[in-house]
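What follows is a set of structures for review.
Each of the next two complexes has chain A plus one more chain, namely chain B in the first and chain C in the second.
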Partner chain A sequence: MAGFLLRRLINHVVLVAVATSLAYMLAAIAFDPRSNYQDRSPRPPEAVVDARLDELGLNDKTPLFERYLAWAGGVLRGDFGPSVTGEPVLDDLARRAGVTLRLVLTGLLAGSAAGVLAGAYAAVRQYGVFDRLTTGLSFVVLAVPVVVLANMSIIAATWLNDLAGARILLVSGEATPGLRGGFAAHLADRVQHLALPTFTLSLGLAAIYSRYQRNMMLDVLGADFVRTAMAKGLSRRAALVRHALRTALIPAATYFAFSFGALLVGATFTEKIFGWHGLGERLIDSIFTNDVHTVAAISCFAACAVLVASLAADVLHAALDPRVRVS
Partner chain B sequence: MTPPVLEVAGLTVTFPGAGGPVPVVRGVDYAVAPGEVLGIVGESGSGKSVTALAVMGLLPPRATMTGSVRLHGEELAGAPERRLTAVRGRTISMVFQDPLSALTPVYRVGDQIAEAIRAHRRIGAKEAERRAVELLDLVGIPSPRQRALAFPHEFSGGMRQRVMIAMAVANDPDVIICDEPTTALDVTVQAQVLEVLRTAQRETGAAIVMITHDLGVVAGLADRVLVMYAGRVVEAGRVDDVYHRARMPYTRGLLGSVPRLDGGRARLAPIDGTPPSPGALPPGCPFEPRCPAALPECREAEPPLVAAGGPGQAAACVRAAEPVADPVADPAEAAEAAGADPGTAAGRADGRPERAVVLRVDGLVKHHPLVRGAVLRRRVGTVRAVDGVTFDVREGETLGLVGESGCGKTTTLMQILELAAPQRGTIAVLGRDTARLRAGDRTAIRRDLQVVFQDPLAALDPRMTVHDILAEPLRAHGRPPGPRVRELLGLVGLEAEHAGRYPREFSGGQRQRIGIARALALEPRLVVLDEPVSALDVSIQAGVVNLLAELKERLGLSYLFVAHDLAVVRHIADRVAVMHLGRIAEIGQVDRVYAAPAHPYTQALLSAVPLPDPARERARRRILLEGDLPNPASPPSGCRFRTRCPRFTALGPAERDRCVREEPEVRLLGGDQGAACHYAERVDVM
Partner chain C sequence: MVTSAERPAGAAPSAADQDAGPPSRGRVVAGRFFASWQGRAGFALLALLFALAFAGPALSRWSYTDKDFLAFLSPPSADHWFGTLQTGADVYAVTLRGMRRSLVVGLLAALLSTALAAVVGAFAGYFLGWTDRALTWVTDLLLVLPAFLILAIMSPMFSGGQWPLFVAVLALFLWMVTSKIVRGITVSLKEREFVQAARFMGVSPARIIFRHIIPNMSSLLVVDATLNVSAAILTETSLSYFGFGIQPPDVSLGTLIADGSPTAVYAPWTFWFAAGLLVVIVLAVNLAGDALRDACDPESGRSR
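Right after this comes the complex of A and B.
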């Protein structure tokens, strides 16, 4: 198993390098950092702009391949280059990655757990009230854009706060600036901020997971081994949880790992609306500011995330399913 | 008499259907005494498996059940779920048909057995584990301590069925219900599993309800037998009474239609028609439309099960009181009585008639590479699917190619059909070497070489009418279909108006007839048949076997007949080749090989096939093979059979050495019989 994972890892490192290089090339060709200086008044002289761009490694008068080599050399040393404002790209991104991870991880865990449970229960009671209700709700959630969903949850939270007469759910930012108090107060504040965006993010995930898990569960409900478990004298509930659900979790685990990778930069809308300064927000901003290096760095991070997730999916799959373990 | 452990009375099970409720079980009554073995036989759709599930309370929720199921006098029908879980697996347990899917794939087998124990007893995990290992030992799993840690996919089918049995006896139950426990297994493995069941019964003293379609299995194991048809018991009684003095024409028909290992080549007696679908039963007796002895009153009301014949025997037939002849009398005598010439068999034994060879396979080899890895693919071994096979088929002759799953018989057949150069060896079809054929020759030879597949529904295009299916080969070879389609339908016993229908509108037996008609469209000389009757019920199978025999006579065909059922091969083939791990173990004239097989593998195979005759079946000495088929990627050195060979274990060290070093070639033993064994010796195993 270790050898298998090592081979996978090597394959993946190659893929990350290719993906990141392509992202850099695309951004370097499409973006025009020079235009950042043209709207200023007074307009800086061209020589000054050239000098500044050379300093940043963004001068379009230098051949693309030369710029790429200089940048790639830096990346190998762990330096992703400066952003358009001149600060190192990584300083800002490291903090933002933490913010995004916190949001995505909690959202994904909550969403997949809720989705798996709802889907499994709906399958057991196929065509029952709960099944029809979750089917209807999940299609509504999947059909409504995240923007609408997020704003609706903000309105609902504000209404709830008014009703309670206290600020229970906080709708903007990740923490209250300048908050005084001990660790407990800080923790409570973070949780209050985290609740709404997590809910919004997990709702969509739960909708997808519940559909997926329902089908998986229906496949194994009629399986012979569930009947065997009941013939052994296990109660229906025990047979369903221990034998049916456990087996039906295998494909969901793979899906879990992959959606984690994709969400790292995919939670942009949620971040923007709730004022979380995460990676998705930064990606959009850097496209507007023609920030080639930041775009490439975020692409690299996303590629790594997807590939780490794929490795995690392999490990998870092998942990859950003895049939795929490579001896 | 002791009170019965299990009593079923007036049991009915109904499933919802498109056109209203479908009664699948319609009033079944039986009782099982402690330690008794009750056999329940019937064809597919007779309701025998559903009855078992109803007794266990494991019917799917959409089914409705009425009637009474009493276990030690306690009513289980309608009992609360809590009560049923307490009984299931403890007092009454079950062994299911398909061991491949009946074990949860993600748990270790030891844990699954331990779970069965801990569901009923408050014992620690360690102790349950210890007990699980003991149970694995009881059912004959070698090195049980290590194997308890294995997962189900690491076990062969026979091993998994042993695990199922271990689980069923884990709590020392009083009743074990076995639902077709050996149907998916090879005959030698079936013999092993039945032996394990006998051991399990001896250890627990449990009563066994044995559900099967195999009349031979019941004959060897059961004390009493129930015959089910269309959701009802139509005959019940002691095994000897039912097999020798059946009062119900269906039972007699069933027994008459089974091809027998100890039988001659007399025509089988199929039952006309097909079993009725549970949603559309005929009025009166459901067997009446197929019954050769029907009377007008049979159509009026369904006859009840009434006592008739021997003690405890009962039959649901208006003519139950009439005495009958024995349908399973010695087949040789029966053939004589029927006026068959006993001399034909002896006449054939002298040798093969000198006729043109239509198929010659010489030293055929087919190895599959075993590869690993997705990106960096590398070869890690070789599966020797076919490893040097030699045989020929002459004009008007049928060669049966038999062996257990994985022995290479289907691969051999596919190699022949490919009409290409084999990896090694030669194949000559109708005198033409396939390695030297050009595209045009290949088309011409395909006209003379046709094939019938195992699963007719998968082999016939569901979007084509029967007419199109039969006309296609004709058109492909530039002949006008014209009246030939009607002629072909007549040839296989179908009506001309069937031409406009689609394959799904036919029953299994009729579909296989369409497959045969398609193969015959171009008037071939050699027909290759891949398990053509193994998917069919016995009463239907007999009709197709008869048809094949008749067509061969009329059209002068040669058959290469691949099958795992040795009794069917005995019935249809002139010569038989027994394959084991990619090589031929024994080959020769059918009567000689079956009467006195010389290779220990053939002897074990033949002795493992159960005979549908209680007295003979019980009197037989069985040669049990140990373990499973060796891995074809790494066969044993020398003789490939030596690891399982009963004769090898009886040899002295010097003689054994030869088996280990030297691979035996097929060696003639006089007459038309040869065996690939250094110490071949003809033995009667019947």
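Right after this comes the complex of A and C.
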């Protein structure tokens, strides 16, 4: 197992390095940092712009490969280069990564838990009212893109707040600036801000998980070991939870790795629309400001996150399935 | 599985053929597809949406570039069926124009990505060895990079009417999972008698892949292409929403939703027509794709 994990880890490190380099190359080819200076009045002389771009390592007159080598050398020493404003990229991103991870992790936990529970319950009561309801709902939810869902929930929250005459759900930012009050007031404020983005992010995930979990659970429900568990005297509930649900969770764990990447992208939308100052918002802004180094650093973070999630899925798989641990 | 390509020339289904022989696979699948309500509903909705997108603009006297300077942000009326935007543009005309663009982009990207998946997966599975290792590695690499990120990075290249390039890049990030499935099927198909026979007769590998292996996966590929349409439309609209996809003056449903969302609270028509049509398109494609999957696979659908 250790050797297998080590080989995987090495492969992952190479993948991250290539992915980040690819993102850097693409960004360096597609972006035009020089245009940032051209709209200024008075327009700065070309020599000044060249000197500034050289300083930032973004001058398109230097060959691409030379710029890449200088940047990659810096990355190896843990320096992702300056952003277009000249500050080190990492200072800003470290704080933003925390915001994004908080959003993604709450979304992931809420979405997968809701999806697994709904799917499992729907399978136990197959063709019941709940089953039909969740099947129909998940079909509709899967057809609604995150951007539309986010805007719809903002509209619904505005309507709800008007109806109640109070600000129940807040649709902009992470917290109210300059809020007075104790810990409880701050906590309530955070929850009010977190509710809608998490809902937007996790609803699609819950729909997918509930479909998977329902099918897996149906396969397992008729299996001999569930019947044996009930025959040896376990209650129906215990047999379903400890034997059927646990076995049916294994494929969902594999799906975990894939959904993490999708969630990171979904978090980009929710951050931008709900005004959270996370990595996704920075990514979109930095594309408009032709910021090559920031984009490459965020790509590196995304690739690492996806691969860490896939390692976590392997560990989860081993924890749920004894056969993996033995072989 | 017998495809029409493998029938000897001249043996087109005659009346006698239909009475004696088993019904063709296409006919069986179509029969099962239209027997399910999902299939009928999906097909009817899609036909309706396509008719609306391509014939609908002719019904209205406004074109998507027209601006009515006497009616800014006016609600739906006899003159403007879906109301107008802040710029005075007719919502009916721009929505249909955007829908047409989204449908075309989705269909083309889905077809391209499925073709790419079939070719890459079949070559990797047929040759194995180094070809397989290299292609699998590229597949893994593209899976690690979120497609949205790369497409957003490349977005400055799409301005100025370069939407075919956008379609190509979109397709480049949709094929990976299918190609892994295709590779697995190819590995097992490779050992089958008809492939072995072709190989011993001296048929070239490329010809075996295109004439024998890929046609044998046609049902999987058709289903995959259908489901890719909804994935492509969703990605396209999300990118266009942030200004990374279809660039102005061209419009897509994504750019319309982005323009409409700030005014959605007090002028609902600017947001809900585009958003609603987008949801209906994806819903119809998903319904049709699911019904097609059940129709192609005799084991699924019935027991559940």
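In this section, the second predicted complex is superposed on the first by the 315 of 327 C-alpha atoms of A that agree within 3 Å, B and C clash if a C-alpha of one lies under 4 Å from a C-alpha of the other, contacts with A are read in each partner's own complex, and residues count from 1 in each chain.
Everything below uses one rule, namely that a residue touches a chain if its C-beta (ideal position, glycine included) is under 8 Å from a C-beta of that chain, and two chains touch if they have at least 3 such contacts.
Keep in mind it's a predicted model, so treat the numbers as computed, not measured.
Because the two structures share chain A, they can be overlaid on it, and in that overlay chain B and chain C fit beside each other without clashing. Once the two complexes are overlaid on the shared chain, A:156 sits clear of chain B and of chain C alike. In the superposed pair of complexes, A:261 makes contact with chain C only, with no contact to chain B. By the touch criterion stated above, A:323 is placed in contact with chain B alone, chain C being left untouched. When the shared chain is aligned, chain B comes close enough to touch A:235, but chain C does not. Of the two partner chains, chain B is the only one that A:225 touches; chain C does not reach it.
Judged by the touch definition given at the top, the superposed model places A:31 against chain C, while chain B stays out of reach. Of the two partner chains placed around the shared chain by superposition, neither chain B nor chain C is touched by A:70. Legend: residue contacts after superposition of the two complexes on their common chain; A:13 is shown touching neither chain B nor chain C. Between chain B and chain C, C contacts the larger number of chain A residues.
Seen from the Cα centre of chain A, chain B and chain C lie 70° apart once the structures are superposed, a value rounded to the nearest 10. With chain A used as the common frame, the shortest Cα distance separating chain B from chain C works out to 7 Å.
Of the residues of chain A, not a single one touches chain B in one of the two structures and chain C in the other. Here chain B touches chain A in the complex through residues 56, 58, 60, 81-82, 85-90, 93-94, 96, 98, 101-106, 108, 115-116, 119-120, 151, 153, 164, 167, 170-171, 375-376, going by the rule given at the top. Touching chain A in their complex are the following residues of chain C: 140-141, 143-150, 152-157, 230, 234, 237-238, 241-244, 254, 257-258, 261, 264-265, 271, 275, 278-280, 282-283, 286-287, 304.
Residues 7, 11, 222-225, 227-236, 243, 246-247, 250, 320-323 of chain A touch chain B in their complex.
Across the complex, chain C is touched by residues 15-16, 18-19, 22-23, 26-27, 30-32, 139-140, 142-148, 151-152, 154-155, 158, 215, 218, 261, 264-265, 268-269, 272, 283-284, 287-288, 295, 298-299, 302-303, 306-307 of chain A.
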